[in-house]
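Consider the two complexes below, in which chain A is the common component and chain B and chain C are the respective partners.
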Partner chain A sequence: MASWGEASESRLIGKRINRLSGKDKVTGKAKYTFDINRPGMLYGRILRSEVAHATVMGVDTSEAEALPGVKAVIPLIEIGNKLRYQGQEIAAVAAETDDIAKDAIRLIHVDLEELPHVVTEADAMAEGAPQIREDWAGNQSEPNIREDGDLEAGFAEAAVEVEATYSTAVQTHVCLETHGHVVEWEDEQNLTVWASTQGVFGVRNDFAQHFELPANQVRVITEHMGGGFGSKFGPGIEGRAAAELSRITGKAVKLMLTRKSEHLVAGNRPSMTQNVRAGATRDGRLIAYDMKGHGTGGISSGAGFQAPYVYHVPNLRTERVNVAVNAGNQRAMRAPGHPQASFAMDSLMDELAEKLGMNPLEFRRINDANEVRQAQYTLGAQEIGWHRRNSVPGSGTGVKKRGIGVGSGLWGGGGGRGTEARVTINADGTVEAVTGTQDIGTGVRTVIAIIVAEELGLNTTDIMVKVGDSGPGLPSGGSGGSQTTPSVAPVIKTAAAAAKQKLFERIAPMLEAPIDDLRVGTGTIYVVSDRTKTITWEQATGQLGMESISEGGHWDEELRQNGAAGTQFAEVEVDTETGAVRAIKIVAVQDCGLAINRLTTESQINGGVIMGLGQALLEERFMDPYTGRMLNANLEDYKVPGTLEIPEIKSIVFDTHRRVTGVGEPPCIPTPGAIANAVYNAIGVRIRELPITPDRVLTALAEKKA
Partner chain B sequence: MDKFSYINATSLEQVTSLLSESGWGEVMLIAGGTDLLGELKEYVETPKTLINLKTLPGMDGITADASGLKIGALATIDDIARHPTIQHHYTVLAQAAASVATPQIRNVGTLGGNLCQRPRCWYYRDETINCLKKGGDVCYAVDGLSKYHAILGGDPVYIVHPSDLAPALIALGASLKIVGPEGEKTLSLEEFFTLPATNPFRENVLEPNEIVVEVTVPQAKPNTKSFYLKAREKGAPDFALASVAGVFEMDGKTCKTASIVLGGVAPAPWRSKEAEAALTGMMINESVSQKAGADAVQDAQPLNDNAYKVTLTQNLISRAAMMAAS
Partner chain C sequence: MSDKEKKQGTSISRRSFLKGVGTGTVAATVVPSVLIGSENAAEAQAGDAISTATIQLNINEKMYEVEVEARTTLLTVLRDGMDTSGNNVDLTGAKLICDRGECGGCTVMVDGKSVYACMMLAIDAQGKKITTVEGLANGDDLHPVQEAFIKHDALMCGFCTPGFVVSSAALLNENKQPTLEEIKTGLSGNTCRCGTYPFIFDAVKTASRKM
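And now, the complex of A and B:
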């Protein structure tokens, strides 16, 4: 049975190891797609709709085409078609400089017939609202209904009930590197694309299909990537437009989205509203749950969330609809649906516990079947000092009040098949590991080096890792669903083991020992029954002559596991005069199985917590009902956490088994719920709407006073 | 942004004569550019010519002596925030300066630019929206999204004045020196700023052919305590949801005079005569300070989304007063 071995036997796996690309990144040497420049390259720009809903009556590109330096203008929408949100693509331009391209798109004249729009859920759901999707009466999808047990009987059994509405705002991904590509045709049949993507092979296949090329004639390269969070899986309209412009002009084209477009069209986390009525028994069992909810993923569907979340309720009815608004489409965003669900459920849990007069942690223990989380509750409570919380919420003295809260989450992250990899050992002792995955900032490049180095008794810096390139034809899946490491690691491990085995076969005769007796040391190979027979790595590989060893691997289920439970505890301080909420400390206990690199695992947890904190306290898309426009499509009024917002984060790698589980997404799930509960514990007033900004805090405090 | 020509300023005469060639918007001044570049990139302004003020000699100095402070319009926000005399004797100003934006912006942003910066209103900054301030028919904030808008002095335009330095300087009794084609004039900084009822299109009395050259602040009185309290959603960079510049001449716990100027709540820095009256001559305690806060906002007229600013402003004022007494 394949295994990662015992922790005590590991030299590198499970240790804290610096990223291989760390130095390049901090010195600016690392080249992102944004940094790629090709000889004779043109710059692409896209003209986008400034209105939320209109029919295109005409597009006149003649003035743009006549502008000196403009090399091509292509339409991206047909006359007579509808524009259904601000930011939708109308035409694209390629020009000698980015400035000329920018000027050129302003010279394209668009004749529009404006249509009535709805950009907020309230407006979309209102009686008599203009219908913006032909297939959705009242701008709502068919309800998704789930029933279990006997709801009425459940409520009859309930000793306490809570009825409340919880809601969260639309959040955008805010990838620091915006979406985009540099595209270059070598000839009519061969295309090279530098893409800021989470899925090198997906993008390759998409381009190949679009241009009807054999897949191996499209090469996609993603050396370094500046954040995707679920929003960067395909080439998108902008990628195809860049390729088209490049094809027409015969020149390389760089087309990166602006920050504004990034907010408008490059995806978002849908909003969520839950109207819940729930009950619990006197002894603290969740017994009935009735939820009607909705969310918007813009003009598209996909505004799903789980309800109830994590905790089991035997009797329930839930009804959920997607609401269409004239705004850019949602895309998967770090644990899609989960942080919203967790916020609502964990808020509800605290409200029920309070009605029962029960410690909220105790109440969770009773209703949580997940054993991992049960253990995490104990550890997290200890780390945050759970006993310090206000037993009567809001009872702290002074203007600035502190509180402590808890939230929970669950994710899969078990990986899957579909990765091919190759580990090569050369006669000069060098080792290469190649696979078509991509390092989107999570550190998989280093993870691969660690696994190979461990297997071969080398150091991570001895391994040349090549990822983010479809050229070698070794496919791997997109980096989504926290699947990268659990998908890639087993294949690398088995490939490295196979290569090692081949090396042993080749040198066994020289060492006059059976193959099974050979072992790797640190930079050495020795015979386990006769340690005098020890040779250096180079001596061993020197035997290979002209014949390198090159082995593939396979995905071994035994090396990974699905299911990552998480719990977070937050301590906050609320200034009751200004409404400002400051996170003081967050303890994140994250189940993750074997952490191949403990350092980057902790980084993932830190990053997740920060993103969750942004959703909890700051981030909100503002859509203007009248103009139909997003008013904060920038980083001034769309506020993401900065260094001053970041609290002490205690990231606890909760590794209960030695199989690999992905951990990219789950750490952002419990944060909003934990923070919201901490705010309640601090001030004794519950804020049921994210983000918890000063206006909401002050309004809630004023309502309580009144 | 559109193309423009760029002229390095050599003298005030040259600047005012270039400015006199047109009205607003054709020829524009650029100092640090931290505000102006945003406007150009969003096509909110499309000048044909920019005059670079940073080449003007001797306009970036800060001098502090017995007569008070003199700060050149080209002094950077960072220079002001770090100046030892300002930190000790004009604390409210140093604190206000330190609260501006980020280190990068403070390093290049100037005093003159800070006082003359344009509104941040999200409708104003959107090229495609032609609101009242830009010559259109309506102020979109009235029925639209008004979380960051004015609660005082709004009608008919509900921007808030974004400057942090202005409230502090006004609270310190600062004056402003302006140079135009006809020479120089000095006016109190308070009179410099105007409300939209007077002129909905501009935020101050500056004429298109004038330039701000210097701010003077009278010597701080002994036993003066001063503070700048700024509430914001995010540590940095963030503009004030509401801010209070308070300068208190104290005799023990008794307030001899108080100067209270609010930021982030009105289209101009807002002197609260009501709060000042509630504090002057009073022994400051909880109820006096709370009354000062309440008096300051009694005429507030919040829009749909900004009623919270009423409470916030009130609380900040009482907090400042309590700090003066402690």
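And now, the complex of A and C:
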């Protein structure tokens, strides 16, 4: 049975190892798609709609085409078709400089017939609202209904009940490297694409299909990539436009989205509203749960969330719809549906616990079947100092009040088949590990090096890792669902083991020992029954002559595990005069399975917590009902966490077993719930709407007084 | 201006915005975002004669002769510029992220102080000493900030990293031993979406001890 071995036997796995790409990234040497400069390269830009709903009556590109330096202008929408949100593509240009491309965009004249729009859920759901999707009466999808047990009987058994509405705002991904590509046709049949993507092979296949090319004639390269968070899979309209512009002009074309477009069209986390009625028994069991909810993913569907979340309720009914608005489409965003579900559920848990007069942690323990989280409750409570919380919420004195809260989450992250990899050992002792995955900032490059180095007794810096290139034809899946490491690691491990075995076969005769007797040391190979027979790595590989060893691997279910539980505790300080909420400390206890690299795993947890903090306190897409435009499509008014918002974060790598699990997403799940509960514990007034902004805090405090 | 263009929204151009607030001063000016938000904004009116100038810039202790328009930013020269003998400047360490002084991804040092290169016109950078992230290391000897960033894993995707590295180095130029609060304030002009902040703080602390 394949295994990762015991922790005590590991030299590198599970240790804190510096990222292989670190030096390139701190010196500015790392080249992202945005940084690619090709000879004679043109710059692409897209003209986008500034109105939320309109029919295109005409597009006149003649003036733009006549502008010196403009090399091509292509339409991206047909006359007579509808524009259904601000930011939708109308036309694209390629020009000698980015500034000229910008000027050219200005010179395209668009004749529009405006149609009534709705950009907020309230407006979309209102009586008599203009219908913006032909297939959705009242701008709402068919309800998704789930029933379990006997709801009536459940409520009859309940000793306490809570009825409340919880809601969260639309959040955008805010990848710092905007979506985009550099596209270059070598000839009519061969295309090279530098893509800022989470899925090199997905992008390759999309381009191949679109241009009817054999897949191996499209090469996609993503050496470094500046953030995706779920929004960067296919090439998108902008990628195809870049390829088209490149084909027409015969030049390489770089087309990166602007910051504004990134907010408008490159995906978002849908909003969520839950109207919940729930009950618990006197002894603290969740017994009944009735939820009617909705969310918007823009003009598209996909605004799903789980309800109830994590905790088991035997009797329930839930009904959920998608609401259409004239705004850009949602895309998967770091643990899609989960943080909002966790926020609502964990808020509800606290409200029920209070009605029962029960410690909220105790109430969770009763209703949580997950053993990992049970252990995490104990550890996290200790770390935050749970006993310090206000036993009577809001009972602190002074203007600035502190409180402590808890939240929970669960994610899959078990990986899957579909990755091919090769580990090559050369006669000069060099080692290469190649696979078609991509390092989107999670550090998978280093993870691969660690696994190979561990297997071969080398250092991570000895391993040449090649990822982010479809060229070698070794496919791997997209980096989504926290699947990268658990998908890739087993294949790399088995490939390295196979290569090692081959090397042993080659050198066993020289060492006059049976193959099974050989082991790797640190930079050495030795015979286990006779340690005097030890040779260096280079002596061993020297035996290979002209022939390298190159082995593939396979995915092995035994090497990974699905299901990563997490619990977080937050301490906050609320200024009751300004309404400002400041996070003081967050303890994140995150099930990580076997953390191949403890250092980058901690980075991942920190990052998840910080994104969750943004959702809890800062981030909200503002749509203007009158103009139909997003009011804060920039980085000043759409506020992501900055240095001043960062609390003390204690990221605890809670490793419960020796199998690999992905943790890119799960650490952002429990944060909003923990923070919301901490705010309540501080001020004794519950904010049921994210983000918890000063105005909401002050309003809630004023309502309490009144 | 035709009605059609009006429909697509008109706005203050960056040119007039820059004129209005002067270069280099960034954070304090509040302009309603709706006004400056349009990416279809007028950068140049059709028929405007675009005048160019040949200027010399001292970047990482090397002189570059480049041809620029009045509107060309320092960041554009660094990333996309070509010198007069046809070589790409190709200093792409400084990133274009927000293009309006909100994120710090384009931070470079001008005469030892951190500046948003997206908010400085190239012509205003003449006669100044410009240091980009590429110029921080001394050959193979990394700057202590760079060493510390690697050691503490103060980077994930790394797209914000050059900006943070330069800002951190500039901060340590001015304050050799910053407290945690001073680090946070000193780097508050930079944004990281991956959430590397805690390790960035650790890295700057470590670097400050080494300098």
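Criterion: the second predicted complex is superposed on the first by the 706 of 706 C-alpha atoms of A that agree within 3 Å, B and C clash if a C-alpha of one lies under 4 Å from a C-alpha of the other, contacts with A are read in each partner's own complex, and residues count from 1 in each chain.
What we mean here is this: a contact is a pair of C-beta atoms (placed from the backbone, for glycine too) under 8 Å apart; a residue touches a chain by one contact, two chains touch by 3 or more.
For clarity, every value in this text was computed on a predicted model and none was experimentally measured.
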Partner chain(s) touched by A:656 [first = chain B, second = chain C, both, neither]: neither
Touched partner set for A:131, first chain B, second chain C, both or neither: neither
Partner chain(s) touched by A:702 [first = chain B, second = chain C, both, neither]: first
Greater residue coverage of chain A in the superposed arrangement, chain B or chain C: C
First (chain B), second (chain C), both or neither touched by A:600: second
First (chain B), second (chain C), both or neither touched by A:440: second
Partner chain(s) touched by A:22 [first = chain B, second = chain C, both, neither]: second
First (chain B), second (chain C), both or neither touched by A:205: neither
Contacts of A:625 with chain B and chain C, given as first, second, both or neither: first
Partner chain(s) touched by A:578 [first = chain B, second = chain C, both, neither]: first
Intersection of the chain A residues that touch chain B with those that touch chain C: 50, 103, 624, 627, 629, 631-632, 636-637, 641-644
Touch list for chain B against partner chain A, complex: 2, 120, 122-123, 126, 128-129, 140, 143-145, 147-148, 231, 233-238, 241, 305-309, 311-312, 315-316, 318-319
For the chain C and chain A complex, residues of the former touching the latter: 2, 4-5, 7-9, 33-34, 37-44, 46, 69, 71-72, 76, 79-80, 88, 90-100, 102-103, 105, 132-134, 136-137, 142, 145-146, 149-151, 153, 155-162, 165, 183-185, 187-188, 190-201
Interface residues, chain A side, partner chain C - complex: 18-19, 21-32, 34-35, 37, 43, 47-48, 50-51, 63, 67, 97-99, 102-103, 105-107, 109-112, 114, 174-178, 224-227, 229, 256, 258-261, 440-443, 599-600, 602-604, 606-611, 624, 627, 629, 631-637, 640-644, 646, 649
Chain A residues within the chain B interface of the complex: 50, 103, 399, 577-580, 618, 622, 624-627, 629, 631-632, 636-637, 639, 641-645, 693-696, 698-699, 701-702
